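Two complexes follow with chain A in common, the first pairing it with chain B and the second with chain C.
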Partner chain A sequence: MRARYPDRDGIVEREGIDLYYEVYENQGLTVVLVPTTTILNSRQWKGQIPYLARRYRVVTFDGRGNGKSGKPDTVDAYRTPELVEDIVAVLDSTGTERAVLVALCHATPWILDIATRASHRVSGLVAIGPHVDHIAAGHAHWARAGARWNETLDRYEGWEMFNRHFWLHDYPTWLEFFFSELIPESHSTKQREDAISWGLGTTGPIRVSELEARAQGVRTPEETIAVCQSVSQPVLVIHGTDDRCQAVEKGRALAELTGGSLIEVEGGGHGLPGREPVKVNLAIDTFVRQVEGAPMRSQTWTRALDRRRKVLYISSPIGLGHARRDLAIAQELRALQPDLVIEWLAQSPVTDVLEHAGERIHPASEWLASESSHIASEATGHELHCFQALRSMDEILLANFMIFQEVVEEGNHDLIIGDEAWDIDHFWHENPELKRGSHVWMTDFVGFIPMPEGGEREAYLTADYNAEMIEHIARFPRIRDRAIFVGNPDDIYPEVFGPDLPKIRDWTEDHFQFSGYITGFTPPTPDQAEEWRAEVGFGEDEKVCVVTVGGSGVGKDLLEKVIEAYPMAKQRLPELRMIVVAGPRIEPGSLPGHEGLEVYGYVDRLYRHLSVCDLAVVQGGLTTTMELTAAGRPFLYFPLRSHFEQNFHVRHRLDQYGAGRYMEYHTTDPDQIAEAIVDGTGKTVRYSPVETDGAARAAAMIAELV
Partner chain B sequence: MRARYPDSEGYIDREGVGIYFEVHGEGEPTLMLIPSSPITHSRSWKGQIPYLARHFKVITMDGRGNGRSDRPTAVEAHTRKENIADMLAVMDAAGVDSAAFVAHCHANWWVVELVAAHPERALALVAIEPGIPYLGGGNPYWAMSSDTFEEVLEEPSGWQLFNRHLIETEHRRWLEFFFTEQLVEPHSTKQLEDMVGWGLESTGEILVAGELGQELSAPEREEFEELCRSLDLPILVIHGELDPCQLVGKGRAFADLVEADLVVFEGVGHLPHGREPVKVNRLIKDFVGRVGVRIEVTA
Partner chain C sequence: MRASLPTEEGVVDRDGVEIAYEVYENDGPTVFLLPTWSIFHSRIWKMQVPYLARHFRVVVADGRGTGHSGRPAGPAGYTVSQFAEDAFAVMDATKTAASVFVSLSCGALWALEIGDRAPHRVAGSVFIGPAVPLAPQLDERRVQRCDEIISDPQEWEKYNVAYWHREHLGFLGFVVAKMFTEPHSTKPIEDSISWGLDTSPQVLTDSDRALDTVTRLGVGRQAKRARYPILVIQGDHDAVRNPAQAASFAELSRGDLLKLQGSGHAPNVRDPVQVNLAIKEFVDRLAARKTVLA
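Coming up: the complex of A and B.
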């Protein structure tokens, strides 16, 4: 799922070639993000679009030869004038009279060309890692490989893969090599995967045509310098000092020749829009505002001692459990500091819970891209590869971070509490100069654990993500003013973060405080339990089994399987009453029915039902299973397949309490489920007690910061 | 000791009245920091100069009647026209064709008229607590005390201290009252001492002349509004929400009329550049920086 979809898209045909474009509508200024075709396409700007589109009208397109545009295969089709005219055609057909043009690498000469020949249409230029011939010496590896471009070699190693014959036969291998060189920054697995996948949007033969056309159209040094010098618009150049595609000297020269500004990204490679998206976004925004003299929004600034103490609370929308515990913490915080203003930056389904509780939801919340929809879209059946889902959520996390950053810059919040707010924690460590206020990081698990079926690759990736997190915190301890583990040291999964990395438990004990578990509610006493049973309508002689998958849309398969088990279980246990709660994201009518089976969409205060049921059947999510543990109810839990958190972290924690019966969805048939229901219903359980003061403990740790 | 001393300073002689100015730093565009003299002088920008001079050429001046400038006493010597002519003469002497203006209180009235008459000399305006006529309505205290301005009062108190006789005979008392009122923010002792100190470098007689001269041949409301509407330059208005001298409604109305950016300072009085210098400095820098680029683009 993308963080943002275009308001309209379309095709413009130019001399028989279709060009696919996207328009993100907004008032006023237009920013055109030009693709570095044919190697990349419009998706290369995925980190920029959601942010810029909130401020400007944004146009992007797939250049000929890649993405959703036509893919001619002749050399002539890729001559520079054609590629320049394509940009003009997109400007025309999207009704863009004038714009700031943004380009990466070899798309730079095209926008320089438009800026000088049709200067009235261009109000400014941003060139990232610009590839402009002659203005400064290029890397020697290009010259060496270029000299043998046409030769057939026995073996192709490294830059020798820059070779027409190699490209015609094994273009994907070139891409792998190329992007590992171009994105040299550590912990860049996702950016490299992205670039390769866009690179595969074209073919070796097309790229050969494009390269050979480009080589024929190269200007003389004098012509090139004249073009650069005749640019009258403001120019911003952004260049990484470790750019192995285009030497940083080229960026410096372009800035010099055009009278532009230069931002050098020390240690940055060639893929800055993907690897340093926050810095690039802010730089483009500052530039565009300057170029257009865009008015500052009217604002209010309150002098420091007149400000009320203000907290911004970010509650992860993945699963509903965070909302409940965060509300409990907020209430405890207010008890300690009654004058505290707490604003919530949150999205559905968390906002539903918060609104119900009368909490103050920050208006920027409505701009957030949906994380829970993304997670749901990544699930298939009773399976969710949550590590990969988190990785592919990169553009949504970035888009939401940019919104968050605006909120804290304008809101002057004293304290930011992020309950598994991955975006904030990650991007503040990547851009520590942007930190505002004190920051509390909260989580109920530490460490990505590879699923065995993911093999070596996944083990490598999880270790890389863990290593980045460890390095972030070692280098910038000031970003997390408090780190709170929602649980106890024994709950920590007894493994290492990866090869040559510390034990998760040791590291976590060194870097976190422990609040104990936070249920967000107090389980009923035996007397209360009887009252609650009466209130929710459970009969004395009934054995009530509650089946729920919480707020996620992922659990439909489990519900169906359990429903299939119902008649068998009912037959063996006649006093059985089964209540299926579909939740907000599953249409109850879409589930199969049985005589006597009750199916509901929403049940008010479901925790009461769960606290007094005779058996619960649930997924492997932490919140629900721990509610059942705290209430001492027997339950069966089915972790989602490939979900490392449910399969490792949660299961380990439940084992500490001796709670729940672990079941594997894929290897368990309805008959076995029926048997487990009959076996488990009404069973007396002895779990270790769950603390009830977790929210108060967490609040006390947080309150010290305001 | 000052945080920064001028790179050059000079005097101009305008028809026998010497006007002192300072030049700090270099960089484009040039900034003219205009104090609301004669009640204060160029030192009222002491919080801005060291910072802004690192980015721009900054010129400030002592308006006639205070600081190192001469002290004419006639009301006719303190008209808006004379003050405007002083600013232009300083720019000429410093070799500055055009500049961004930063003005406080009634100095904004001068700058508005300067820009209307000489648009080519102004690139932008940062109007801090703009003290301009008509717009947004005035503080009722001013109106009330103006009625008794010329009377000799028995035991004047409060805003009645705005009185010719009192200001001329008890200059310090007026200044202490006035600036105590303006500094609504707690813990402002140093700012109060500064303002009173700079005010005392002039005299009560000159201050009265300044007040009266300012109003001479004032335009009609429609005329003034038309003049504001004719302004074609970027304007930033900074206004304290609690300013007793110029009510915030005036800043809002002005910003509205000239389509300016507006930043309202909550909890702040009449002297944000003295009391909230960091925020003011950064706003000026950001605003003028943006304006500077735009000029380059359209040139």
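Coming up: the complex of A and C.
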């Protein structure tokens, strides 16, 4: 899922070639994100679009030869004047009279051309890792490889793959090499994967045509310098000092010749929009605001001692589990510090719970891109590869981080509490100068664990993500003022973070405080349990089995399979009463029915039903299984397949308590489920006790900071 | 000791009245920190000069009646027009073709006059707590009777010529306390009183009477005519000027309004960091638009 979809898209045809464009409507200024040669398409700007589109009108398009645009294969089709005219055609057909043009690499000469020939249409230029011939020496590897472009070699190593013959027969291998050079920063697996996938949107022959067209249209040094010097608009150049595509000297020269300003990203490579999206976004925004004389951002400032103490609480929207524990912590915090103002930056379904509790939801919450929809879209049946889902959520996490950052820059919050707010923790470590307020990081698991079926690649990726986190925290201990593990040391999965990396438990004990588990409610005493049973309408002689998949939209398959088991179980256990709770995201009417079977949508305070049921059948999520553990109820749990957290972390924790019966969805048929239901219903269980003071302990740790 | 010293100090003669100025040379646009009412000299900008001078060329001048400038006798020496002409004279003497102006309180009147007479010399203008009669005076100032003899004046009754001559320090103590409504402001209050003692009751009298001709209509027209970028900075705890005046001014002049919650009449002294950053951002934005600044 994308973080933001265009308000309209369309095609403009130029001499038989379709150009696909997207428009993100907004008042006022337009920013045009120009695609870079055929190797990339408009998705290269995925980190910029959601952020810029909230402030400006944004136009982008797929250049000819890639994405949804036409893919001619002749050399003539890729001559520079054609590519420049494509930009003009998109400006015209989107009704864009004037814009700030943003380009990467080879697209720079095109926007320089428009800025000088049609200067009234361009109010400013941003060039990232610009390629402009002649203005400074390029990297020697280009010249060396270029000299043998047409030669057939016995072997092609490294930059020798920049070769017409190689591209015609093994273009994907070139992409792999090229992007590993262009995105040299550590922990860049996702950015490289993205770039390669966009690169595969074209073909070797098309790229050869494009290269050969470009070689024919090179300007003389004098012409190039004259064009640069005649730019009258403001120019911003952003260039990485480790850019192996375009030497940083080119960026410096371009800034000098155009009288523009230069931001050098020390250690940065060529793919800055993807690898340093926060820095690039803020730089573009500052530039556009200055160019266009937009109003000052800060309209009100409050003297420090006149401010009320203010907390911004970010509760992860993935599943409903965090909402209740965060509410419990907020209530304990208020008990300690009654004058505290707590604002919530949250999204559905968490906001539903918060609104119901009368909490103050920050208005920026409605701008957030939906994380739970993304997660749901990544699930198929009873399977969710949650590590990959988190990786492919990069664009959404970035978009939401940018909104968060805006909120804290305006809001003067004293304290930020992020309950598994991955975006904040990650991007503050990547951009530590942006930190505002004290920061509390909370989580109930530490460490990405590879699923065995993911093989070596997944083991490599999870270790890389873990290593990045470990390095982040070692280098910037000031970003997390408190790290709270919701649980106890024994709950930590007994593995290492990866080859040559520490044991998860050792590292976590060194870097976290432990609040104990936080249920968000106190389980009933035996006397209360009878009262609760009466209140929720469970009869004395009934054996009630509650089936639920929590608040997520993932899990319909499990509900269906359990419903299929119902008649068999009912036959064997006549006093069985089964209540299926579909949750807010599954339409109850879409589930099959049976006589006697009860199906509901949302059930308020479901934990009460779960606390007094005779058996629960649930997914492998932590919140619900731990509620059942705390209440001492028997339950069957079916972790989502490929979900490392449910299959490793949660399962390990439940084992510590001796709680629950682990079941595998894919290998269990309805008959076996019926048998497990009959077997488990009303069974007496002896779990280790779950503490009830977790929220108070967490609040006490947090209160010290504010 | 000062945090930074001028690269050039000078005096320009204006029909026999010397106007003292300082220049802090630097590349980039010029920022002219204008005089305010002749109760204070240019040290009122002491929290701005070192910071702004690191980024811009800065010019400051002592207003007539204060500091090292001359002290003409009679209201005719202190009209809005005189202050505007003083600014032009300092700009000419320092070879400043155009500038960003920053004014405090009554300085707003000089800044508007400058913009009216020579718009090409104004790249932009920042108005802090502008004393512009575009909304009613604060209620508590209605007791003012400037030219009466009041035996034991209380509060704003102390805005009174006879009292100034009798109890100069008493007036300064009163008015400076009104300027700094923020708690814990002892140092700004001490500074301001010591600057106030550098001028005289007669200068206060003449410079106050010179403003009798300033009207709501006239200032309103000037605000509407302003075509240069404007930033208005106003504290909502201003006990000298009704904050509504600044809001109305920002609206008429289509300027940006930065509200400082909890701040008084002279946030440049009491909340200097916010004011400095706001001025810097304002000038940077002008510079980025390639506005011609000499």
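Just so it is clear, the second predicted complex is superposed on the first by the 704 of 706 C-alpha atoms of A that agree within 3 Å, B and C clash if a C-alpha of one lies under 4 Å from a C-alpha of the other, contacts with A are read in each partner's own complex, and residues count from 1 in each chain.
In this text, contacts are C-beta pairs under 8 Å (C-beta built on N, C-alpha and C of every residue); 3 or more make two chains touch, one makes a residue touch a chain.
None of the values given here were measured: they were computed from a predicted structure.
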item	value
Chain C versus chain B on the shared chain A, clash or fit after superposition	clash
Which of chain B and chain C A:A474 touches, first, second, both or neither	neither
Contacts of A:A147 with chain B and chain C, given as first, second, both or neither	neither
First, second, both or neither for A:W301, with chain B first and chain C second	both
Touching partner for A:G293 - first (chain B), second (chain C), both, neither	both
Which partner reaches more residues of chain A (counting touched residues only), chain B or chain C	B
Contacts of A:P234 with chain B and chain C, given as first, second, both or neither	both
Interface residues of chain A shared between complexes with chain B and chain C	234, 289-291, 293, 295-296, 298-303, 305-306
Chain A to chain C touching residues, read off their complex	234, 287, 289-291, 293, 295-296, 298-303, 305-306
List of chain B residues in touch with chain A within their complex	185-186, 234, 236, 241, 255, 261-268, 275-276, 279, 286-287, 289-291, 293-294, 296-297
Chain B-facing residues of chain A, complex	123-124, 233-234, 289-303, 305-306
List of chain C residues in touch with chain A within their complex	182-183, 229, 231, 256-263, 271, 274, 278, 281-282, 284-285, 288-290
